[in-house]
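What follows is subunit A paired twice: with subunit B in the first complex and subunit C in the second.
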Partner chain A sequence: MKLLKWFKRDKSKTDNDRTNPVIADYELPPYPAKDDMAENKVYLKETFNYTEDLIDKPFTIDTHACSVMFLESLTDEEKMEKNLYSKLNRVHSIGALEETLTNMDASKLLHVSEAVPHILAGKCLLFIDGLDYCYILNTNKIILRDIGQPENEQIIRGAHQGFVESLMVNIYLLRQMVQHPQLTIRFKKVGKKKNTKVCIVHVEGTADKKVLNEIDRRLSKIDSDKLISSGVIEEYLEDFPYSPFPQFMSTERPDRCALNLLDGKIVLFVEGEGTALLLPMSFLSFYQSNDDYNSRWYAGTFFRLLRMFSFVTSVTLPGIYIAIISFHFEIIPYGMTFVIKDAVEEIPYPPIVEAFFMELTLELIREAGVRLPSPIGQTIGIVGGLVIGDAVVNAGFVSSVMIIVVALTAISSFAVPANEMSMSVRLLRFPIMIMASLLGFLGIVFCLNIYLIHLCKLTSLGQPYFYPFAPFHFKGILKDVLRFPHTKTTWLNLDNNHNNNNES
Partner chain B sequence: MRAVLTALFICIIILNTGCWDSRQLRDITVVKSAGIDADEEDQLIEVTFASPIPEKYRTTERAQIVSALGHTPRHARDNLEAEVSEALDLGKLRVLMIGKELASEDLYPPLDIVYRDPRSALAAQIVIAEDQAKDIIDLQLEDRPRTSELIAELIKAAEEKTMLPITNIQLICPPLFDRGQDAMVPYMTLEEGNPHLKGVALFNDRQMTGSLSVKETTMLLLMMDKLQQTASLTEKVHSGRENELENYVTIEVEEVHRNLDVTINKATGQIEVPLKIDLFVNVIEYPLDDLDNEEKLNELSSLLSRNFTEKFQKVTEKLQDSNSDILGIGRRIHAYHYPYWKEIDWKEVYSEVDFQVDVTVDIVRHGILF
Partner chain C sequence: MEPLLNNRISAKQIFFLIVQTQIGIAVLTLPARVFAEAEWEGWISILIAGGFVQCLLILYISLVHRFKDHTFFTMTRILIGKPLSVVVNFSYFIYFLTVTILILTLYYRTIASWLFPETPKWIIMALIVSAAVFLVREDIHIIARFYTLVSCLLILIIGVQLTGYTAAQPLYLLPLGHIGIADYLKGADASLQAMLGFELILFIYPFIQGAKKEVTKISSYAIWFTIGVYVFSSVTAFLFFSPDEIVLVPNPVLYMLKAFTSPVVDRLDLIFISVWIISVTTSLMTYLFLASQYTQVIFSLKKRKSAVFYLGLLILFIALFFESNEAIDAFSEFVGNISYTFIVGIPFILLIIALVRKKPARGKEKAS
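Then we have the complex of A and B:
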């Protein structure tokens, strides 16, 4: 009971502690446009705190003083030229000007204060002296990254496109792949101030209604006032925020999203991010790559099995090594007993220290190399991998067998196609190592049992995470673990909807 | 906060109990071969342990060999702990060698510790040494692998060629206690300073009572229908040839069909064991050749049949001489003639059993020569 209370207290404390300085949301009192253009201008300049990229371009039409105001950094010169300047040359009276503006879809605003968000979005504001309203013109600059291959989700065969930072382009990419009227897109503004645009994509009829409603409910509960990114949204949507396992997949690949959409999954985009969230996800889907479906089915099956094996090795291998050399050396085959005995003979620390030292060094090398430009990253890899590895063994700090084990573990943790799963797997091995050093194989079994129980209990938006193992479904296992030829899978699809029919 | 600390404390205490059982590989002397001998003078037992020395220590010797006396094997081993730097561990034992003297008394007492300790290597080879086990364990041969490895590999190779029964410490345990069957254990000696396989030691209950040569062991194993990959036998079939080589034939047994039956002759009360063995053999060496001639082939096979019948029969007699029921005839009587089994004392009746061996040799292959 005490423990529970302690947790409760702690939680409330952290809630109160959340007083990070946040820029107050601007709320301007309405300021109606005045006849006097100069007055309007002064108001606008004051609102923008005399920022120097706020350009004021005066001109005259038929003796009437006019002025265009815009943020230089956000407007597109070409659009200004095309939409405004070229037309101004042809207009010779205010009446004609107003007519042209209306034809151009310029909106008329009665309050200058209302124009502020538009200017911030890159539009330009046109004042005409003597009129108590102003016009807003669409001249915003759009700078987009090319639709290129995602750096961290490369495939060998298939579409080499990746999402970009624009919602519309991303939806365009999806619609290109899924040309179906049932592909439905819903926008939603989330956050305390409702200023993050989120887009939920699903295929009507295949996606679970309950899941959709649940996503909607959880999104409306987001009351963060910070800048909301897909990571924040992911945590708000999760069933188990304390779980080490990623419950949704983030991907930059439209083809992966399209495949999953057709499978009844839901795709979620956040404005300004080139990453889509796929939900709900199961454990095995993190171990599947699009390449599996594009290669021959023998190869696809083999590599899929290899990846699952890599999960086991990356989680347990250091633990098994520690357990063997400190508890159960009998299981080393005869020929190897003395190879290993020779290797560990003069290591000054217990194996757990040795293992932690090496694992942490490796994680350090990886973390240091990951954000560096690639030439330096490679150097770090060489320095870390070869130099440290060799020197450490020669100096006798770490046994050579430990280096092999750590290297194998690292390689198998990189074999996971999904980055977030690779991260979790790397963390999962540390408890196993500690338990192995305390209780040997027994400890490993304890730890793996806890992981297994957790996996069985885990749900992703109400869908069982460890399907097809936890609600056991034999055909599902065949379908997800192996990769049968595409033409021969009809017998596997008999109860395709099993996953969706589970209560959510 | 205090509660969390307490929980953490309890957790650490419970989990750390495991450290008690940890045996770091680097702090252990891994014993690879062990010898147990009787020491006559003081009624003591002498154990000898050999363990390889890690290369890191850069010694000239490849193995560390220590021995000590004690009342029991474990007592002697405890005395040894005072002599070696690290804790002794027999978990990776490959060869356990027992002196003939000790085996002739009773094989079980020195093995008791091995069966009792859950960590002992039950898959280790057990070997009887003709003389002192210590002499073989002590060997530090320079042109061979380490003695423990050498003996273990030697036995393994011999097992594959049906020269030795497949045994280890675990497998000889049931026949040691079975009244209807007896054990046999590889038998080794020192010849010109090298370990040399002599055949098997035969046991009567738990005492060693005799031995068979390697060739006899092969025949015994064929009688038991325990042919491994191959079994080769060399037999003298002629005697008048000038060239001594031409008098012999070497065959490789490819298949055995054995038919063993145990009957009790109602009239005489005699136990009769008709033992019919069909050997399908491959002639691998026969300088006289002419085997493409069917007549000669039949001649050779009937000659072999006759010779083998005689020799196999002799093996059974040897078994009876040492009162060692390796073939498990007693078990069959126990199973099929239980009332009779209850009447008799098997060990006394066994030497009277009438083995009626009949070997038929069928040459199915004779190489690629025409």
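Then we have the complex of A and C:
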């Protein structure tokens, strides 16, 4: 008990001690706009701490002094020109000015303090001397990336568009693909200060109402005061945060989202991120690529099966090597005995050390290469793969069979179309390697058994994760594992809202 | 007390639940066991045992169908009153634990003699028990899903035995009818232990969604599927080994695989015995599940989860006591003997009582 208490105390202490420089929420006391323009200006400048990109452009209309204030960095020069300056030339009295402003949809503010968030959003503020209100004009700058092909989700054939960091553009992309009145968009502010905008997209009628409500409930529970990204939201939405398997898919491809939307899935965007979360997801959907549907069905089926096979090899192959070398050398057939004996005999380390050394080296190479510019990344790949691999065998630290095993494992773990699944698969391999070194095949099977049980338990927002394997559904397997010609799938038509009752 | 029936399973899943519970460690030794009693006609004994099991199954379903909304443990209370039902329920609880311990001990013995003679006993046992606890903590529908999934291993046991046909000698199966009726029955008795698991239907009937007829049909299919696998294994072993050899091999299926070689892989028996751990674990899981059901009913626990963990520890602890081969054999014999009480005796008496007392006049049963 004492220990427990100690832990608790320790935790609370660290909570209090945390000195993360969180910016204090700004809350301005209301400041009504004064008749005197100069006073307003001083107030505004003081609020912005005399920042130098706060521009103050005075002008006069009919002897009335006026002024536009805006943050230079956030406003669009062109919009200013079009919306304001060009019109000012034609205006000769204050009355006309106010009329033009109203026609331009400028909103009238009685408090200068209310204008501060608008200015921060890139709008500009117009004061007219002698009036106790001000106008706010929409001149914010929008800088967008091209909707080009996402780099880490490339396909060979199909739409080469990708999401960008703007919610509206992303929704535009989806609406272009799914032109249907039932495509519904819901916005929601999440977080402790409700300052992260999240957008939930679904197709009414195909998406499960219960799942939608559950998402809504879980999103409201987020009370993080940090910057909320899609990764944070993902963890708040998950049924099993401790599971190694990704329960939602993040994608940058609108076509993938559109397909899944029509399939009854839900798409979730976070403002300022070019990634969509697809939920709920099943295990197999991580092994499907849009390419499958755009290639000949033989090829599509073959590559799908190949990816399934890659899952098995990438998880078990190093374990099998360790088990055979450490325990079950009897299963090596006669012809192979000498080949493997020659390779393995002189190695000073037990296979587990050998395997861990190589696997960790490989992970290092990958991790080092990811964030480097691509020419250096390639160099690292060559140095790591070829030079280290060759040298390590020549030096006699690691057997050449081990190199083959590690290389095969690495390749098969990269064959997964979804990045997050590829990461979990690489992690799943390590427990198997350890168990294989302790108990041989028995250990491997035990580990796989535990993984299988876990997969059977796992749900993604209440939907069984390992469908169609568990609950077993034969037609579902045919549909998800193989790919039949599009014209011949009528007999495979399943209702997508499978629930626990129609298990077979 | 109302049983917790929030998670139902479909009638089809019953098939896999029964098959996976029945097929376990016993299939490896079954051919040798029936051969000892009925020689090369042992497969006929298995069929006889199958017929017997089929009759029992119909008896079970006609019993539990009368109490559709009750688990077995609450049903006994209605039928025979509280004091007696406590005794009966507790003895079933002990019976389940005994079977789990037997499965654990037998699998360890096989592993120790085939794979890891030096590995400490508790490690291998802890492996199996921990996997079982991990699954049994969940509700029955998750268990059923897992069983369905791992049923692809049944293809494995049939597939690997096909290798035995490379050296099959059909004449080993002849002549038929060279032993007496008593020997057939003894053989059937010897094979009954491998069939244990169908009594599951007594305890999970209220969880099943489906008409009585469908459940009867599917569970019968399950039983005959198991019997088919057993007959196939026995016939394969009888064809592969001569009558003189088979008395010398305690695990005919494994020895048969050991003899097989191919340019890709040797010693299939090593792979097979490792993979077979899953099928063994499923049998153990079922009994652990049933035992935990009992604790849930008795202690009116909201959650079975913690009970499962302690039960797992308990069986692990007890299983560590069986050291010598003789003790294990005696224990196995003992379980074989007492199982008759639990799969034949008590259900039969309960059915008679139910028939005599008719349906208890409770609104609930009438409504259903």
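Here is the rule we use: the second predicted complex is superposed on the first by the 473 of 504 C-alpha atoms of A that agree within 3 Å, B and C clash if a C-alpha of one lies under 4 Å from a C-alpha of the other, contacts with A are read in each partner's own complex, and residues count from 1 in each chain.
We adopt the following convention: a contact is a pair of C-beta atoms (placed from the backbone, for glycine too) under 8 Å apart; a residue touches a chain by one contact, two chains touch by 3 or more.
Just so it is clear, the structure is predicted and the values come from calculations on it, not from any experiment.
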After lining up the shared chain so the two structures overlap, which partner does A:342 touch, if you call subunit B first and subunit C second: first, second, both or neither?
first
Would you sort A:326 into first (subunit B), second (subunit C), both or neither based on which partner it touches?
first
When the two structures are overlaid on chain A, which partner does A:469 contact: first (subunit B), second (subunit C), both, or neither?
second
Between subunit B (first) and subunit C (second), which does A:351 come into contact with in this model arrangement: first, second, both, or neither?
first
Go through the superposed model and pick first if A:375 touches only subunit B, second if only subunit C, both, or neither.
neither
Considering only the touch criterion stated at the top, classify A:439 as touching first (subunit B), second (subunit C), both, or neither.
both
So in the superposed three-chain picture, is A:181 touching just subunit B, just subunit C, both, or none of them (first/second/both/neither)?
neither
Does the superposition put A:453 against subunit B (first), subunit C (second), both, or neither?
second
Shared subunit A surface residues [contacts with subunit B and with subunit C]
327, 330, 332, 334, 439-440, 442-443
Subunit C to subunit A touching residues, read off their complex:
8-10, 12-13, 111, 115-116, 119, 123-124, 127, 131, 134-135, 138, 141-142, 144-146, 148-150, 209, 261-268, 270-271, 274-275, 277-278, 281
Can you list the subunit A residues touching subunit C in their complex?
327-328, 330-335, 439-446, 449-450, 452-454, 456-457, 464, 466, 469-472, 500-504
In the complex with subunit B, residue positions of subunit A that touch it:
2-3, 6, 324-327, 329-330, 332, 334, 337-338, 340-342, 344-347, 350-351, 435, 437-440, 442-443
Residue set of subunit B touching subunit A in the complex reads 1, 3-4, 7, 15-16, 18-19, 21-26, 28, 30, 52, 54-57, 89, 91-92, 94, 119, 121, 152
